[in-house]
Every structure is written in structure tokens, then in C-alpha cells.
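Read from first to last, the chains carry the letters A, B and C; within each, the first residue is number 1.
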Amino acid sequence: MLEALKLGCVRGDRRLFENLNFALESGGLIEVRGPNGSGKTSLLRIICGLAAPAEGEIRWQEKNIRSLGEEYSGAIAYVAHQNAVKDELSALENLRISTGLAGNSLSQEETQAILTRVDLSGYQHLPARLLSAGQRRRLALARLLASRATLWILDEVLASLDDAAVELSREFICDHLNQGGMAIIATHQELNLHVGSSQRLDLSP
Amino acid sequence: MFWWLVWRDLILAWRRRADVLATLFFFVIVVSLFPLGIGPEAQLLRTIAPGIVWVAALLASMLSLGRIFGNDYQDGTLEQILLTPQPIYLLVLAKVLAHWLVSEVPLVAIAPLLGVQFGLSQNTLGTIAVSLLLGTPVLSLIGSIGAALTLGLRAANVLIALLVLPLCIPALIFGAGAVEASVDGTNSQPWLLLLAATLIVSLVFAPWATSAALKISVE
Amino acid sequence: MSVRSINWYKYAAPANFYPLAGKMIPSLTGITAVLFIMGLYLSFFVAPTDFQQGEAYRIIFIHVPAAWMGMFLYVLMAVYAGLGWAFNARLASMMATAISTTGAVFTFISLVTGALWGRPAWGVYWVWDARMTSTLILMFLYVGFISLQSSIDDPRRADRAGAVLALVGLINIPIIYFSVQWWNSLHQGATIRIANKPTMAPTMLAAMLILLAACWMYSIAVVLVRVRCIIREREREAPWLAEAVA
């Protein structure tokens, strides 16, 4: 259960938002909308714990995320604008290493299976710098699938994906939510997800 | 997870060997410049050798420090590393260890060979190796603080040098002092012990400062 | 109004501190001027001539207070920066930034006056004794702090990064000083025996202490002026500022 209480954010000289409140339960989805520069990325980073809010707090299972530390980090998965893909490593290596770092080591076969699900089989041994932007985004998605996180925090996850990949992402997100996971997604596009509880958070000024 | 990070950094360094070798060659060139600038008189070279080898090692290390966190910061991997359920202190140690193995150990290995250019005795060459072996981790540890503070800034490399070099002065004094003692024929042990003490203090405190700096820079 | 009835915490907000500082500056400037005149008079006209070094020694009346100020201000800067970081207090961080320049200036003065003292006293402008070398390194630490803060655009990141650097520097200072002493004691040539200050006549001590007090008052005044500038720069969007400045 994720809660945000009286959240405020200031970037440089600008006040991006204040007095933001929301709650997210298991199986729930929050879509964050707003024009560029309205603070979507800042909000997501605050929820991750990477940035501290100017006011207010975020609570996970009734406890402030600052005091939870690693316990909270283990429960979330974050996909940022950047793909967090190392150019010199192959797709397979990238995935194995990121899951190993997150504490869930996967075997070669399991990693291969996930890459197949995101339609990257056949490319798994190429150095990632040879992959297209869409393929790298799919690699970021693969990382998401491989994680055992409850809360998915996604920033423009559909960017640079082709239609097939967008369809795949929708499917993955729905599956995740149906299995009791939660997601907060910042997006420009309509997600059109058929899920139980969905909220919309609009950060337009 | 600690070893995954070390392993990852080692693989990445191997695939970008050119960067690593460039630092090594810089070290070699700088050390060789001094006799060219000062003159080949044997006694003089023997006196200045400890200082030169050490200062060159410091400067070469400054070149490589930008890479500890720089690449990861650029492609978004650093954030992911910070979001793993591991104390950041350990992750910093992992990265510093990898940096030391890749950028500093080659210096330690090649320095005795360079010492031959200065006409130093076997004993002194050994002391050079030991002093650098103890001292280069200190450079990596303190350097990581500078690297973390200057993430994403323009001219980060020069700024790192400006911030880190004064803090490395004790290591320089103790390390070069040890080699000098060896050249003079006196006991270099007290110097090496002081250097070891500096290493232990850095090992305990520096990663903590670096993790604080990372959280500040990433925000 | 008793001290207890003043709510000190309210001055932690830039909006309240700004006018308070403004009121303090003129009186501080006055006190500074008086103390400087007294101190300089004592140093140059009253303190006896040193039989070893003649009149030239008088520069230590500026050199020693400047050196002390350089060190005290570094500690103060690190403390303010640390408080600003720990309590997320913007004003404390602004104070640290304001102090850094003054500290650097005093350290620089101490280096220059040290060299000017060296020439008549020992024949050379610079000797690598423990104290001068440590002062030089302190100068580098100040320059590092100032460069770091000026390279970072985001003010809060600059504040916190500066705090980490200043605190790391603070912890390092004893280690650096110790290592420089060790280095110096082993490399000491037989030629120059340094750091013997002339024995202090009471008037000399008085002059030095008065000048030290003058430097303190000066520092406080100038730091308050600078911090007001910093407040104006950083809080320029805030509504209270427009009224306060008008």
C-alpha cells in the first residue's frame, strides 16, 4: 500500500506541485499526466526515493520510505527515460547482471526466456550499442519482467516502442496488476488498460 | 550483489581497454619526462625519483576517476544501482575495488620498471611497489568522493583533481617518504605503517562520504 | 525584552534574517573600524621593536590573526554547511557559502604576509615549514569548495555537495597537518630554524588580540553583507523580498 501525503516539489526556482495526495492499493494503477516540465519525472523520482520532496512524505505499508531504506528499494522497479543499458554488454549479459545486482540471480535459460517474451531472442548476444532505440526499451521492459517488485514505477515506458511492443507492454502491465502488483505510470499516450481500479493524476498547472 | 558489481565493472573495463591503457601510458610518459626536463645526472635522479613516481601516479589516477561513476550516470545505470536493496556503502566499495583493480594495479605493476630509469636499487624498487600498493587504494577511495560530488558537471575531471589532490597529500607524503627512506638507506617501515593507517581510515570513512555525495548528485 | 522571549528559530528563515542582518551591519562596521584603528596603532607605534628582527616583524600582527581567521572560518563554514545539510536549512548553507570567500581571503592574506615576513627574517620569501605549508593546503581546500559550489547550477545540490566536501576537509585537516609536520621534521635542513616567533611583550599580545577581534568583527559584518546578497539572489521569486528591498 503506497500513500503520498501533502507532497510538494520545487526544482530550482520553480514550484512544480504542492499538496499532492494519493493512495495506491494492490492491483491499482495511477496514470500521471501533464505536459512536459510539469513534474511527472520529479514525482516518480520522489516515489522511488531518489529525490526528497520539498514537503510531505511517501509511505509504504504505513511507514515512511526514508526509514524503510532497502526494504522499500527491494519492492519497487523503476524504468526511467534512460534505459539503463550498458552499451558494451550484450542484451543477455545486461539482463543477467541487472537481475543479479537486484538480488534475483537468474539462470541462463530463465534470462533467455524473458528475452524471448519481449521479442529480443536472436539479438541476445549482440552488444547493446547495436540495438535500436525500440529494442533497448524492450530490454528495459525485460528488466521489469525479471524483477519481483510489487510496485512498478514507469516513466514514459511506451516511448520509442512500435505498436507490437506497445501491445506487449500493455499485456505485461495488466498481468502484473492482476497478480496483485501496483503501477504508477507517467505517460503522454492513452494506456487503455482494462484494469480494476485506475486513477488519474494530472499535474498540469 | 557486491561481486556482481565488481564483475560487471571488470568486464566493462576489459571491453574498453583503450581507456585503461591510455592512463597507464600517461603515467609512463609523465615519469619519463622528468629526466628529460631535469637532466640525466644519476644522483639527482635518485633523489627525485620517489616524489616523481608518486606524483605521476596521483596525476594518472585523477584522469581515471571520472570514469568510476561517470559512465553509469550517463546511461541511467547508476540510478538502478542506487535502487538495489543493498547498502550503498557496499556498492561504493565494489565500484572502488573494481576501479582500483583496473586503473591502479597496472601502475603498481609498472612503477618498479620505471624506477629502473632512475637507477634505483632492488630494495627501493620493492618499496615503490609496496608503497603504491598501499597508497593507490587511498587514491581510489578519496577520489571516489570527488567523482561522486562532480557527477554530470562540466569540466568534471579538472574539478575532481582540484578537490581530491589536497586530500591525498598525506598519502603522498607517507608514500614518497617511504621510498625516499629506502633510497637513503633508512628504515621505510614507519612510513609504510602510517600509509597503512591512512588506508584503513579511508576504507572506513570514504565510502560513507561517497554514498552521501552520490545521493546528493543523483537527486 | 528577555532573551528567552525572543523566538530564535524565526531567524532561521531568510525572510526574517534579512532585516535583522541589515540592522546589525552598521554597528558591526563601526566596531570593526574602531578596533582596527586601535590595533594598528598599538602594533605600529606602541609595541616595542624586536631586538632580533627590527621593525619588519610587525607584519606578524596581521599575519597571525589572518592565519587564525582562515582556520576558524573554515571550521565555521563546515559547521554551517553541515547544519544546512542535516536540517535542510537553506540559510545555514547560504552562510557557509558567504563565509567561504572571507575565509579564503584571510588565508591568502596570511600566505602573502607570511612571505613578506619571511624575506626580512630569513632571507627567502617562502620556506616549506609545517605552518606555511598547511596554510597553503588550507587555501587549496577553500578553492576546492568555492569551485565546486560555483560549478553546480542547482543551488540545493551546490549546498549539499559543498557540505560533504567541507566536512571531509574538516576531518582531513588534522591528518594533513600531522603528515606535513612529520614531513617537515624529517626534511629539516640545518640551515633555517623556523617558526620562532619573537617573545611576546604584553603590548604585542594586546595588539594581536585586538586585531584578532577586529578581524572577527570584520568577518561577521562582511559575511552578513554577502549573505544578504545571496538571499536576494536565491529568493528573488519570493514575495517578501520585493517589499523588503523597496
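Note that in this section a contact is a pair of C-beta atoms (placed from the backbone, for glycine too) under 8 Å apart; a residue touches a chain by one contact, two chains touch by 3 or more.
A quick note: this is a predicted structure, and the numbers were derived from the prediction, not measured.
S.K.: Work out per-chain C-alpha centres and flag the one nearest the whole-protein C-alpha centre.
M.R.: Answer by centroid distance: B.
S.K.: With centres defined by CA atoms only, which chain is the most remote from chain A?
M.R.: C
S.K.: Quick one: report the Å distance separating chain A from chain B, using the average Cα coordinate of each chain.
M.R.: Chain A and chain B have C-alpha centres separated by 37 Å.
S.K.: How far is the middle of chain B from the middle of chain C, if each middle is the mean of its Cα atoms, in Å?
M.R.: Distance between chain centres: 32 Å.
S.K.: Approximately how many whole Å separate the CA-defined centres of chain A and chain C?
M.R.: Centres of chain A and chain C (C-alpha means) sit 48 Å apart.
S.K.: Residues of chain B that touch two or more other chains: which are they?
M.R.: Residue numbers touching two or more other chains: 219.
S.K.: Please list all residues of chain A that touch 2 or more other chains.
M.R.: Correct list: empty.
S.K.: Which positions in chain C touch two or more other chains at once?
M.R.: none
S.K.: Flag every residue of chain B that touches chain A in the complex, lowest number first.
M.R.: 1, 4-5, 7-8, 11-12, 15-16, 75-77, 79-87, 218-219
S.K.: Touching chain B in the complex: which residues of chain C?
M.R.: 137, 140-141, 143-144, 147-148, 151-152, 157, 160-161, 164-165, 167-169, 171-172, 175-176, 178-180, 182-183, 186
S.K.: Which positions of chain A touch chain B when the two form their complex?
M.R.: So the residues of chain A in touch with chain B come to 45, 48-52, 70-71, 73-74, 76, 78, 80-89, 93, 97-98, 100-103.
S.K.: How about chain B: which of its residues touch chain C in the complex?
M.R.: Residues 145, 149-150, 153-155, 159, 162-163, 165-167, 169-170, 173-174, 177, 194, 198, 201, 205, 209, 212-213, 216-217, 219.
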